[in-house]
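See below for the structure under consideration.
Which chain is which? They are A, B, C and D, in the order written, and residues in each are numbered from 1.
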Amino acid sequence: MNKLQIYQQLTDYWNNTMPFNQLLGLEITKFDPQQSEVHFAWQDKLIGNPVQKILQGGVTATALDLVGGVVAAANIIEQHENLTIESVQQHLAKLSTIDMRTDFLRPGRGEHFIATAKIIRGGSKVAVARMELHNEKGEHIAFGTGTYMVG
Amino acid sequence: MNKLQIYQQLTDYWNNTMPFNQLLGLEITKFDPQQSEVHFAWQDKLIGNPVQKILQGGVTATALDLVGGVVAAANIIEQHENLTIESVQQHLAKLSTIDMRTDFLRPGRGEHFIATAKIIRGGSKVAVARMELHNEKGEHIAFGTGTYMVG
Amino acid sequence: MNKLQIYQQLTDYWNNTMPFNQLLGLEITKFDPQQSEVHFAWQDKLIGNPVQKILQGGVTATALDLVGGVVAAANIIEQHENLTIESVQQHLAKLSTIDMRTDFLRPGRGEHFIATAKIIRGGSKVAVARMELHNEKGEHIAFGTGTYMVG
Amino acid sequence: MNKLQIYQQLTDYWNNTMPFNQLLGLEITKFDPQQSEVHFAWQDKLIGNPVQKILQGGVTATALDLVGGVVAAANIIEQHENLTIESVQQHLAKLSTIDMRTDFLRPGRGEHFIATAKIIRGGSKVAVARMELHNEKGEHIAFGTGTYMVG
């Protein structure tokens, strides 16, 4: 398989088999080592504070953690050649979040949200990603910084 | 109202009106300025990775953020006297998370989870809390550090 | 005094009276609410690990914390009018760092280092800044995120 | 060499050869996998703000990063047997800080300061430590959380 095929298969697999992401309506829309993306729509069940009608901070953290994990996964794959489904699974088996910081910049209001992630420190064992959450108007809702185990 | 009554009313109100916390099954069990607590049970919908059957990191972050917010709220109330429902609502209106760090220590496995929080820096404008997540066996799953706007 | 004069006076005052910054050779070169800057030159006394001859991580953290404080200070001043030396001092009296995260991206090697900072969340009580450290070749050495008490 | 000898030799070596730590007067007083310690005395050159006469936040960050690195190093050594000076050097060659969060709890006032560190997440590739800074009166000045590359 070439890498575009692998990214497409992983996107489908992750979108269809991760219960918590499905519960929140998170959808990976770009699985790419340069910049990955996750989209989700407003739903009333994502409300934290019923008075203010804004996203619970945990929704923001979940979307940022997911998109950071996607870009970290894409960078693991980018480092290897001659990949098969089995070797991809093996390479991704150790992927996990070590720590993450979320900075909440504005109340989480909007109809549609876009989380993006880029790698700021690569490596064969640990990768660090920076993530952002914007709404459909381009308002910047949150920043994230995540350190991921990748090997 | 005395403060115990206020804490009890806030517990009931928050547990019954916060959609995202209800979706995840998070329940505030202790609303206290010294140490607050949130409990939740394992549910398959909280799974992040279907192969490993562990909590999505966002579930952990949500529980830690909630319990940190509870202990911050209790500390806001602790600073005031002669409280009414209206004045409590007013005092809590500015409560929000500024930033949070989550440290994932172990895979999120268990049947039941307990999140606890204590204040490490108090103040009239900003409070900082430290949070922990354990499972029913006492295994330590995650640490959190959250900075909250409180006034 | 107009704001440019205030920024210039604060630059001179901070550069000439802060013992630890002088010890490290840190020099504020831009005191500006949009983007502030701090420069410093390599000195052998800034070495952490004598084998690798790289900056101690604490030097990096110090430069990032300083430049974040400068941009936070400039934003405090930006919010007020008809300023005098006395009112500026009063407005800056509460400036302090609440928390800071440093991400070390590359070994701290170089002849000259430039730390820059921008505000990502403003406000009358708390401001959050993002900082970066580069060397003279433009190599990106570290990221920082700092939460500052500003009022 | 047994491990106590190694810890003693590393303590002497690090205390005597790390320029930046010497500049600040930081002294490793306990090199131990359970809890490590660094002490330092007040010196006027460590002042950040000349008006308030408190430690520059970078001094705090430096002490916390150092003591976290010491406990991480002791844990690397703890994992190996039959050690020689050469193999110790080799095992420690990859030790570096990936990221660190510092929480400033109180102004850094005191005559003498004690930084302590414990491991909260061990491993052969990455370790996470929690650090604290107190003064000679036991006042808690800062918390730190550091993620270290250890292999």
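Just so it is clear, a residue touches a chain if its C-beta (ideal position, glycine included) is under 8 Å from a C-beta of that chain, and two chains touch if they have at least 3 such contacts.
It should be emphasised that the depicted structure is a prediction, and the values quoted were computed from it without experimental measurement.
Asks: From chain A, count the fewest steps through touching chains until chain C is reached.
Replies: Counted as steps through touching chains, the separation is 1.
Asks: Going through B-C, A-C or C-D one by one, find the pair whose contacts repeat those of B-D for over half of the pairs by residue number.
Replies: Selected pair, repeating B-D: A-C.
Asks: Could you classify the chain C-chain D contact as same or different, where same means more than half of all interface residue numbers appear on both copies?
Replies: Same; most numbers are used by both chain C and chain D.
Asks: Superposing the C-alpha atoms of chain B on chain C takes a rotation of how many degrees, nearest 5?
Replies: Rotation angle, to the nearest 5: 180 degrees.
Asks: Chain A to chain D: how many Å between their CA centres?
Replies: Between these chains, centre-to-centre, one finds 33 Å.
Asks: Nearest whole angstrom, what separates the Cα centre of chain A from the Cα centre of chain B?
Replies: The mean C-alpha positions of chain A and chain B differ by 24 Å.
Asks: Please set out, as single numbers or ranges, the residues of chain C touching at least two other chains.
Replies: Chain C, residues with two or more chain partners: 98-99, 101, 103-104, 121, 128, 145, 147.
Asks: Once bound in the complex, which stretches of chain A touch chain B?
Replies: Per the stated touch rule, the residues are 17-21, 23-24, 44-50, 56-59, 61-63, 65-66, 96-104, 107.
Asks: Which positions of chain D touch chain B when the two form their complex?
Replies: Touching chain B: residues 101, 103-106, 120-121, 128, 130, 140, 143, 145, 147 of chain D.
Asks: What residues of chain B sit close enough to touch chain C in their complex?
Replies: Those in contact with chain C are residues 98-99, 101, 121, 125-126, 128, 145, 147, 149, 151.
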